[in-house]
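Multiple structures are listed underneath, in C-alpha coordinates.
Both of the next two complexes hold subunit A, though its partner changes from subunit B to subunit C.
Let's look at the complex of A and B:
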(Lines of atoms letter the chains of each structure in order from A and count residues from 1; the text may use other names and numbers.)
(Lines give C-alpha, C1' and ligand atoms only; values in the text may rest on other atoms or scores of the structure.)
Protein backbone atom coordinates (compact mmCIF):
# COMPACT_ATOMS: atom_id res chain seq x y z
CA UNK A 1 0.00 0.00 0.00
CA UNK A 2 2.00 2.96 -1.26
CA UNK A 3 1.36 6.26 0.56
CA UNK A 4 0.54 9.30 -1.50
CA UNK A 5 2.75 12.37 -1.34
CA UNK A 6 -0.01 14.49 0.20
CA UNK A 7 -0.31 12.04 3.09
CA UNK A 8 3.46 12.07 3.60
CA UNK A 9 3.58 15.88 3.39
CA UNK A 10 0.83 16.23 6.00
CA UNK A 11 2.57 13.77 8.32
CA UNK A 12 5.80 15.72 7.90
CA UNK A 13 4.07 19.02 8.73
CA UNK A 14 2.38 17.51 11.79
CA UNK A 15 5.77 16.21 12.92
CA UNK A 16 7.34 19.64 12.54
CA UNK A 17 4.54 21.23 14.53
CA UNK A 18 5.05 18.61 17.24
CA UNK A 19 8.67 19.75 17.33
CA UNK A 20 7.65 23.43 17.56
CA UNK A 21 5.29 22.64 20.46
CA UNK A 22 8.01 20.65 22.23
CA UNK A 23 10.44 23.56 21.88
CA UNK A 24 7.89 26.05 23.19
CA UNK A 25 7.07 23.69 26.06
CA UNK A 26 10.74 23.53 27.04
CA UNK A 27 10.92 27.34 26.98
CA UNK A 28 7.68 27.81 28.93
CA UNK A 29 8.82 25.30 31.55
CA UNK A 30 11.45 27.83 32.59
CA UNK A 31 9.52 30.96 31.63
CA UNK A 32 5.97 30.23 32.88
CA UNK A 33 4.93 33.92 32.82
CA UNK A 34 6.05 34.61 29.24
CA UNK A 35 2.79 35.72 27.54
CA UNK A 36 4.17 35.98 24.01
CA UNK A 37 5.47 32.41 24.13
CA UNK A 38 2.16 31.15 25.53
CA UNK A 39 0.28 32.84 22.70
CA UNK A 40 2.57 31.17 20.16
CA UNK A 41 2.06 27.81 21.86
CA UNK A 42 -1.74 28.17 21.84
CA UNK A 43 -1.67 29.27 18.21
CA UNK A 44 0.37 26.34 16.96
CA UNK A 45 -1.41 23.83 19.23
CA UNK A 46 -4.70 24.79 17.57
CA UNK A 47 -3.18 24.42 14.11
CA UNK A 48 -1.71 21.04 14.98
CA UNK A 49 -5.01 19.79 16.41
CA UNK A 50 -6.83 20.81 13.23
CA UNK A 51 -4.19 19.17 11.06
CA UNK A 52 -4.33 15.87 12.97
CA UNK A 53 -8.13 15.94 12.84
CA UNK A 54 -8.08 16.56 9.10
CA UNK A 55 -5.45 13.88 8.55
CA UNK A 56 -7.42 11.37 10.59
CA UNK A 57 -10.53 12.03 8.51
CA UNK A 58 -8.64 11.82 5.22
CA UNK A 59 -6.36 8.85 5.92
CA UNK A 60 -6.37 7.12 9.32
CA UNK A 61 -6.57 8.19 12.98
CA UNK A 62 -3.23 9.25 14.44
CA UNK A 63 -4.44 8.96 18.01
CA UNK A 64 -7.04 6.74 19.57
CA UNK A 65 -9.32 9.63 20.50
CA UNK A 66 -9.53 10.51 16.79
CA UNK A 67 -10.63 6.97 15.96
CA UNK A 68 -14.16 7.63 17.17
CA UNK A 69 -16.65 6.45 14.58
CA UNK A 70 -20.19 5.13 14.25
CA UNK A 71 -19.66 3.38 10.96
CA UNK A 72 -16.28 1.70 10.92
CA UNK A 73 -13.50 1.14 13.44
CA UNK A 74 -10.40 2.54 11.72
CA UNK A 75 -7.83 2.55 14.51
CA UNK A 76 -5.94 -0.33 12.90
CA UNK A 77 -6.00 1.36 9.51
CA UNK A 78 -2.57 2.97 9.78
CA UNK A 79 0.25 1.23 7.88
CA UNK A 80 2.61 -0.60 10.18
CA UNK A 81 6.08 0.98 10.47
CA UNK A 82 7.69 -1.77 8.41
CA UNK A 83 5.02 -1.64 5.70
CA UNK A 84 5.20 0.43 2.56
CA UNK A 85 7.80 2.98 1.64
CA UNK A 86 8.37 4.78 4.94
CA UNK B 1 21.14 39.06 17.68
CA UNK B 2 20.88 41.46 20.61
CA UNK B 3 23.37 40.49 23.27
CA UNK B 4 21.65 40.58 26.68
CA UNK B 5 24.83 39.81 28.60
CA UNK B 6 27.24 42.69 29.19
CA UNK B 7 30.16 41.52 31.29
CA UNK B 8 31.11 45.01 32.56
CA UNK B 9 27.68 46.28 33.46
CA UNK B 10 26.64 43.19 35.37
CA UNK B 11 29.79 43.31 37.53
CA UNK B 12 30.40 39.60 37.04
CA UNK B 13 33.75 40.04 38.79
CA UNK B 14 31.79 40.28 42.06
CA UNK B 15 30.16 36.92 41.62
CA UNK B 16 31.59 33.85 43.35
CA UNK B 17 34.38 32.33 41.33
CA UNK B 18 34.47 28.75 40.00
CA UNK B 19 30.74 28.78 39.32
CA UNK B 20 29.05 28.44 35.94
CA UNK B 21 26.59 31.18 34.95
CA UNK B 22 24.16 30.83 32.06
CA UNK B 23 22.61 34.10 30.86
CA UNK B 24 18.82 34.00 30.99
CA UNK B 25 17.07 33.38 27.66
CA UNK B 26 14.65 36.13 26.69
CA UNK B 27 11.81 35.43 24.28
CA UNK B 28 12.98 36.94 21.02
CA UNK B 29 10.46 35.38 18.66
CA UNK B 30 10.71 32.19 16.67
CA UNK B 31 12.59 31.31 13.48
CA UNK B 32 10.87 32.06 10.20
CA UNK B 33 11.03 28.59 8.67
CA UNK B 34 10.03 25.76 11.01
CA UNK B 35 11.28 23.12 8.57
CA UNK B 36 14.74 24.68 8.76
CA UNK B 37 14.39 24.97 12.54
CA UNK B 38 13.51 21.29 12.67
CA UNK B 39 16.68 20.46 10.72
CA UNK B 40 18.92 22.73 12.81
CA UNK B 41 17.35 21.45 16.03
CA UNK B 42 15.79 24.61 17.44
CA UNK B 43 13.08 27.17 16.62
CA UNK B 44 14.87 29.81 18.73
CA UNK B 45 17.42 31.70 16.60
CA UNK B 46 19.40 32.57 19.76
CA UNK B 47 20.02 28.85 20.37
CA UNK B 48 21.11 28.02 16.83
CA UNK B 49 24.85 27.76 17.53
CA UNK B 50 26.38 25.36 15.03
CA UNK B 51 29.65 23.84 16.26
CA UNK B 52 32.32 24.38 13.62
CA UNK B 53 35.25 22.75 15.42
CA UNK B 54 36.58 26.14 16.47
CA UNK B 55 34.88 29.12 18.10
CA UNK B 56 31.06 29.07 18.40
CA UNK B 57 29.54 31.00 15.50
CA UNK B 58 26.08 31.70 16.95
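Let's look at the complex of A and C:
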Protein backbone atom coordinates (compact mmCIF):
# COMPACT_ATOMS: atom_id res chain seq x y z
CA UNK A 1 0.00 0.00 0.00
CA UNK A 2 1.48 3.34 -0.92
CA UNK A 3 0.04 6.62 0.28
CA UNK A 4 0.71 9.99 -1.31
CA UNK A 5 3.10 12.35 0.39
CA UNK A 6 0.49 15.12 0.75
CA UNK A 7 -1.74 12.73 2.73
CA UNK A 8 1.15 11.76 5.04
CA UNK A 9 2.18 15.42 5.47
CA UNK A 10 -1.36 16.46 6.36
CA UNK A 11 -1.76 13.57 8.81
CA UNK A 12 1.52 14.60 10.40
CA UNK A 13 0.32 18.23 10.73
CA UNK A 14 -2.90 17.02 12.39
CA UNK A 15 -0.74 14.99 14.79
CA UNK A 16 1.34 18.08 15.64
CA UNK A 17 -1.76 20.23 16.22
CA UNK A 18 -3.38 17.52 18.31
CA UNK A 19 -0.23 17.21 20.39
CA UNK A 20 -0.34 20.96 21.14
CA UNK A 21 -4.00 20.56 22.18
CA UNK A 22 -3.22 17.51 24.36
CA UNK A 23 -0.47 19.46 26.13
CA UNK A 24 -2.70 22.53 26.61
CA UNK A 25 -5.55 20.35 27.91
CA UNK A 26 -3.43 18.80 30.65
CA UNK A 27 -1.90 22.19 31.49
CA UNK A 28 -5.33 23.83 31.72
CA UNK A 29 -6.60 20.93 33.88
CA UNK A 30 -4.22 22.13 36.61
CA UNK A 31 -4.12 25.86 35.60
CA UNK A 32 -7.75 26.63 34.70
CA UNK A 33 -7.27 30.40 35.11
CA UNK A 34 -4.40 30.75 32.58
CA UNK A 35 -5.90 33.05 29.94
CA UNK A 36 -2.99 32.82 27.50
CA UNK A 37 -3.17 29.01 27.43
CA UNK A 38 -6.94 29.20 26.91
CA UNK A 39 -6.46 31.52 23.91
CA UNK A 40 -3.85 29.20 22.43
CA UNK A 41 -6.22 26.27 22.93
CA UNK A 42 -9.02 28.06 21.07
CA UNK A 43 -6.67 29.11 18.27
CA UNK A 44 -5.17 25.66 17.62
CA UNK A 45 -8.49 23.83 18.11
CA UNK A 46 -9.98 25.88 15.26
CA UNK A 47 -7.08 25.10 12.91
CA UNK A 48 -7.19 21.43 13.81
CA UNK A 49 -10.95 21.13 13.28
CA UNK A 50 -10.66 22.65 9.81
CA UNK A 51 -7.71 20.47 8.86
CA UNK A 52 -9.40 17.29 10.15
CA UNK A 53 -12.50 18.09 8.08
CA UNK A 54 -10.42 18.80 4.94
CA UNK A 55 -8.43 15.58 5.46
CA UNK A 56 -11.64 13.56 5.77
CA UNK A 57 -12.99 15.01 2.52
CA UNK A 58 -9.76 14.41 0.60
CA UNK A 59 -8.65 11.02 1.97
CA UNK A 60 -10.65 9.22 4.69
CA UNK A 61 -12.56 10.08 7.87
CA UNK A 62 -10.39 10.15 11.02
CA UNK A 63 -13.43 9.83 13.30
CA UNK A 64 -16.84 8.28 12.68
CA UNK A 65 -18.45 11.72 13.10
CA UNK A 66 -16.75 12.61 9.82
CA UNK A 67 -17.76 9.38 8.05
CA UNK A 68 -21.00 10.67 6.49
CA UNK A 69 -21.11 9.74 2.84
CA UNK A 70 -23.89 9.15 0.34
CA UNK A 71 -22.21 6.37 -1.59
CA UNK A 72 -20.00 4.10 0.50
CA UNK A 73 -18.99 3.32 4.09
CA UNK A 74 -15.67 5.16 4.15
CA UNK A 75 -14.95 4.58 7.86
CA UNK A 76 -14.25 0.87 7.34
CA UNK A 77 -12.06 1.52 4.31
CA UNK A 78 -9.65 3.84 6.14
CA UNK A 79 -6.10 2.51 6.64
CA UNK A 80 -5.31 1.04 10.07
CA UNK A 81 -2.94 3.37 11.90
CA UNK A 82 -0.79 0.61 13.45
CA UNK A 83 0.18 -0.69 9.99
CA UNK A 84 2.60 2.20 9.39
CA UNK A 85 2.92 4.19 6.15
CA UNK A 86 4.78 1.74 3.93
CA UNK B 1 -17.49 7.64 26.79
CA UNK B 2 -14.75 7.62 24.17
CA UNK B 3 -14.27 8.56 20.54
CA UNK B 4 -11.66 6.75 18.47
CA UNK B 5 -9.46 8.64 16.02
CA UNK B 6 -7.89 6.55 13.24
CA UNK B 7 -4.29 7.69 13.66
CA UNK B 8 -1.49 7.15 16.18
CA UNK B 9 -0.59 9.91 18.65
CA UNK B 10 2.96 9.83 17.19
CA UNK B 11 3.84 8.00 13.94
CA UNK B 12 5.29 4.47 14.11
CA UNK B 13 6.95 3.34 10.86
CA UNK B 14 9.42 0.51 11.45
CA UNK B 15 11.07 -1.01 8.38
CA UNK B 16 13.34 -3.69 9.89
CA UNK B 17 11.83 -6.53 11.95
CA UNK B 18 13.65 -7.23 15.21
CA UNK B 19 12.17 -9.89 17.48
CA UNK B 20 14.73 -9.35 20.23
CA UNK B 21 13.69 -5.71 20.65
CA UNK B 22 10.00 -6.62 20.43
CA UNK B 23 10.43 -8.96 23.42
CA UNK B 24 11.85 -6.10 25.52
CA UNK B 25 9.42 -3.40 24.36
CA UNK B 26 6.32 -5.57 24.96
CA UNK B 27 6.89 -4.82 28.68
CA UNK B 28 5.50 -1.34 28.06
CA UNK B 29 2.37 -2.97 26.59
CA UNK B 30 1.48 -5.33 29.45
CA UNK B 31 4.35 -5.18 31.96
CA UNK B 32 4.39 -3.83 35.54
CA UNK B 33 5.07 -0.21 34.49
CA UNK B 34 3.47 -0.43 31.06
CA UNK B 35 0.80 1.62 29.36
CA UNK B 36 -2.07 -0.81 30.02
CA UNK B 37 -1.40 -0.62 33.78
CA UNK B 38 -1.07 3.18 33.53
CA UNK B 39 -4.37 3.59 31.72
CA UNK B 40 -6.30 1.19 33.97
CA UNK B 41 -4.80 2.81 37.08
CA UNK B 42 -6.00 6.33 36.27
CA UNK B 43 -9.30 5.32 34.69
CA UNK B 44 -10.10 3.23 37.81
CA UNK B 45 -8.97 5.84 40.35
CA UNK B 46 -11.06 8.64 38.83
CA UNK B 47 -14.40 7.37 40.16
CA UNK B 48 -13.74 7.85 43.88
CA UNK B 49 -11.65 11.03 43.40
CA UNK B 50 -13.29 13.74 45.50
CA UNK B 51 -12.30 16.81 43.44
CA UNK B 52 -13.60 17.14 39.89
CA UNK B 53 -10.51 18.98 38.58
CA UNK B 54 -8.30 16.10 39.77
CA UNK B 55 -10.74 13.45 38.49
CA UNK B 56 -10.75 15.27 35.13
CA UNK B 57 -6.95 15.15 34.97
CA UNK B 58 -6.96 11.41 35.79
CA UNK B 59 -9.48 10.90 32.99
CA UNK B 60 -7.47 12.91 30.44
CA UNK B 61 -4.14 11.25 31.30
CA UNK B 62 -5.78 7.80 31.44
CA UNK B 63 -7.17 8.46 27.96
CA UNK B 64 -3.75 9.52 26.63
CA UNK B 65 -2.28 6.30 28.07
CA UNK B 66 -4.68 4.32 25.83
CA UNK B 67 -3.14 6.11 22.83
CA UNK B 68 0.30 5.13 24.19
CA UNK B 69 -0.83 1.50 24.56
CA UNK B 70 -1.76 1.60 20.87
CA UNK B 71 1.65 3.07 19.94
CA UNK B 72 3.56 0.40 21.89
CA UNK B 73 1.33 -2.25 20.30
CA UNK B 74 2.15 -0.80 16.85
CA UNK B 75 5.90 -0.90 17.63
CA UNK B 76 5.80 -4.56 18.75
CA UNK B 77 3.52 -5.51 15.84
CA UNK B 78 5.73 -3.84 13.23
CA UNK B 79 8.91 -5.30 14.78
CA UNK B 80 7.51 -8.83 14.43
CA UNK B 81 5.41 -8.50 11.25
CA UNK B 82 7.72 -9.98 8.61
CA UNK B 83 9.81 -12.37 10.71
CA UNK B 84 11.18 -15.53 9.12
CA UNK B 85 10.93 -18.88 10.89
CA UNK B 86 14.70 -18.79 11.35
CA UNK B 87 14.61 -15.33 13.02
CA UNK B 88 11.82 -16.46 15.35
CA UNK B 89 13.92 -19.39 16.56
CA UNK B 90 17.27 -17.54 16.66
CA UNK B 91 16.00 -14.50 18.59
CA UNK B 92 14.33 -16.47 21.38
CA UNK B 93 10.92 -15.23 20.23
CA UNK B 94 9.81 -18.87 19.85
CA UNK B 95 8.61 -19.02 23.48
CA UNK B 96 6.15 -16.18 22.89
CA UNK B 97 5.32 -17.36 19.37
CA UNK B 98 4.22 -20.81 20.51
CA UNK B 99 1.34 -19.34 22.55
CA UNK B 100 0.45 -16.18 20.60
CA UNK B 101 1.91 -16.56 17.07
CA UNK B 102 2.31 -12.83 16.11
CA UNK B 103 -0.70 -11.65 18.12
CA UNK B 104 -0.26 -8.95 20.74
CA UNK B 105 -0.82 -10.16 24.31
CA UNK B 106 -0.20 -8.06 27.44
CA UNK B 107 2.81 -9.47 29.27
CA UNK B 108 6.09 -8.27 30.79
CA UNK B 109 9.41 -8.79 28.99
CA UNK B 110 10.06 -11.76 31.26
CA UNK B 111 6.79 -13.45 30.19
CA UNK B 112 4.72 -12.62 33.31
CA UNK B 113 1.11 -11.96 32.24
CA UNK B 114 -0.59 -8.62 32.87
CA UNK B 115 -2.18 -8.47 36.30
CA UNK B 116 -4.31 -5.78 37.98
CA UNK B 117 -2.05 -6.15 41.08
CA UNK B 118 0.48 -4.06 39.12
CA UNK B 119 -1.50 -0.94 40.06
CA UNK B 120 -3.62 0.35 42.90
CA UNK B 121 -6.89 2.21 43.21
CA UNK B 122 -6.97 2.98 46.91
CA UNK B 123 -9.92 5.35 47.23
CA UNK B 124 -7.69 7.93 48.92
CA UNK B 125 -6.63 10.73 46.62
CA UNK B 126 -3.34 11.46 48.44
CA UNK B 127 -2.35 7.77 48.28
CA UNK B 128 -3.44 7.48 44.65
CA UNK B 129 -1.60 10.60 43.45
CA UNK B 130 1.65 9.49 45.11
CA UNK B 131 1.26 6.13 43.36
CA UNK B 132 0.60 7.93 40.07
CA UNK B 133 3.72 10.07 40.34
CA UNK B 134 5.81 6.98 41.18
CA UNK B 135 4.23 5.13 38.25
CA UNK B 136 5.22 7.88 35.79
CA UNK B 137 8.83 7.74 37.05
CA UNK B 138 8.91 3.92 36.84
CA UNK B 139 7.65 4.07 33.26
CA UNK B 140 10.24 6.76 32.44
CA UNK B 141 13.02 4.51 33.81
CA UNK B 142 11.73 1.62 31.69
CA UNK B 143 11.80 3.83 28.58
CA UNK B 144 15.36 4.91 29.49
CA UNK B 145 16.32 1.22 29.64
CA UNK B 146 14.61 0.56 26.30
CA UNK B 147 16.39 3.55 24.70
CA UNK B 148 19.77 2.00 25.57
CA UNK B 149 18.69 -1.17 23.74
CA UNK B 150 17.31 0.58 20.63
CA UNK B 151 19.96 3.28 20.08
CA UNK B 152 20.94 1.84 16.67
CA UNK B 153 17.33 1.75 15.38
CA UNK B 154 16.11 5.31 14.64
CA UNK B 155 12.66 4.02 13.56
CA UNK B 156 12.12 2.59 17.05
CA UNK B 157 14.00 5.31 18.93
CA UNK B 158 11.77 8.23 17.83
CA UNK B 159 8.41 6.95 19.17
CA UNK B 160 10.08 5.61 22.36
CA UNK B 161 11.61 9.05 23.01
CA UNK B 162 8.19 10.63 22.54
CA UNK B 163 6.62 8.20 25.03
CA UNK B 164 9.42 8.85 27.55
CA UNK B 165 8.79 12.60 27.39
CA UNK B 166 5.09 12.10 28.11
CA UNK B 167 5.98 10.33 31.39
CA UNK B 168 7.83 13.46 32.49
CA UNK B 169 4.92 15.77 31.60
CA UNK B 170 2.38 13.51 33.36
CA UNK B 171 4.60 13.40 36.48
CA UNK B 172 4.59 17.22 36.50
CA UNK B 173 0.79 17.43 36.11
CA UNK B 174 0.18 14.85 38.86
CA UNK B 175 2.47 16.90 41.13
CA UNK B 176 0.25 19.92 40.46
CA UNK B 177 -2.86 17.82 41.16
CA UNK B 178 -1.33 16.81 44.50
CA UNK B 179 -0.77 20.51 45.32
CA UNK B 180 -4.39 21.30 44.33
CA UNK B 181 -5.57 18.42 46.56
CA UNK B 182 -3.59 19.46 49.65
CA UNK B 183 -4.86 23.03 49.22
CA UNK B 184 -8.42 21.73 49.42
CA UNK B 185 -7.87 19.84 52.67
CA UNK B 186 -8.87 21.21 56.05
CA UNK B 187 -6.08 23.52 57.25
CA UNK B 188 -5.79 21.42 60.43
CA UNK B 189 -5.18 18.27 58.37
CA UNK B 190 -1.46 19.03 57.91
CA UNK B 191 -0.53 15.34 57.64
CA UNK B 192 -2.89 15.05 54.63
CA UNK B 193 -4.57 12.15 56.39
CA UNK B 194 -7.15 10.01 54.58
CA UNK B 195 -8.98 12.83 52.79
CA UNK B 196 -11.11 10.54 50.63
CA UNK B 197 -13.08 8.61 53.21
CA UNK B 198 -13.05 10.31 56.60
CA UNK B 199 -13.78 13.78 55.23
CA UNK B 200 -16.97 12.65 53.53
CA UNK B 201 -17.97 10.74 56.70
CA UNK B 202 -17.34 13.91 58.78
CA UNK B 203 -19.55 15.95 56.45
CA UNK B 204 -22.34 13.37 56.57
CA UNK B 205 -22.26 13.22 60.38
CA UNK B 206 -22.14 17.02 60.63
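In the analysis below, the second predicted complex is superposed on the first by the 80 of 86 C-alpha atoms of A that agree within 3 Å, B and C clash if a C-alpha of one lies under 4 Å from a C-alpha of the other, contacts with A are read in each partner's own complex, and residues count from 1 in each chain.
One rule holds for everything that comes next: a residue touches a chain if its C-beta (ideal position, glycine included) is under 8 Å from a C-beta of that chain, and two chains touch if they have at least 3 such contacts.
Note that the structure is predicted; figures quoted are calculated from it, not measured.
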item	value
Touched partner set for A:82, first subunit B, second subunit C, both or neither	second
First (subunit B), second (subunit C), both or neither touched by A:14	second
Touching partner for A:60 - first (subunit B), second (subunit C), both, neither	second
First, second, both or neither for A:72, with subunit B first and subunit C second	neither
Subunit B versus subunit C as contact partner of A:36, first or second or both or neither	first
First, second, both or neither for A:23, with subunit B first and subunit C second	both
Subunit A residues touched - subunit C or subunit B, whichever exceeds	C
Subunit A positions touched by subunit B in one structure and by subunit C in the second	15, 19, 23, 27, 30-31
Subunit B residues touching subunit A - in the complex, by the definition given at the top	25, 27, 29-30, 34-35, 37-38, 42-44
Of subunit A, residues touching subunit B in the complex	15-17, 19-20, 23-24, 27, 30-31, 34, 36-37, 40
Residue ranges of subunit A in contact with subunit C within the complex	11-12, 14-15, 18-19, 22-23, 25-27, 29-32, 60-65, 78-86
Residue ranges of subunit C in contact with subunit A within the complex	3-15, 53, 56-57, 60-61, 64, 70, 73-74, 77-78, 169-170, 173, 176-177, 180
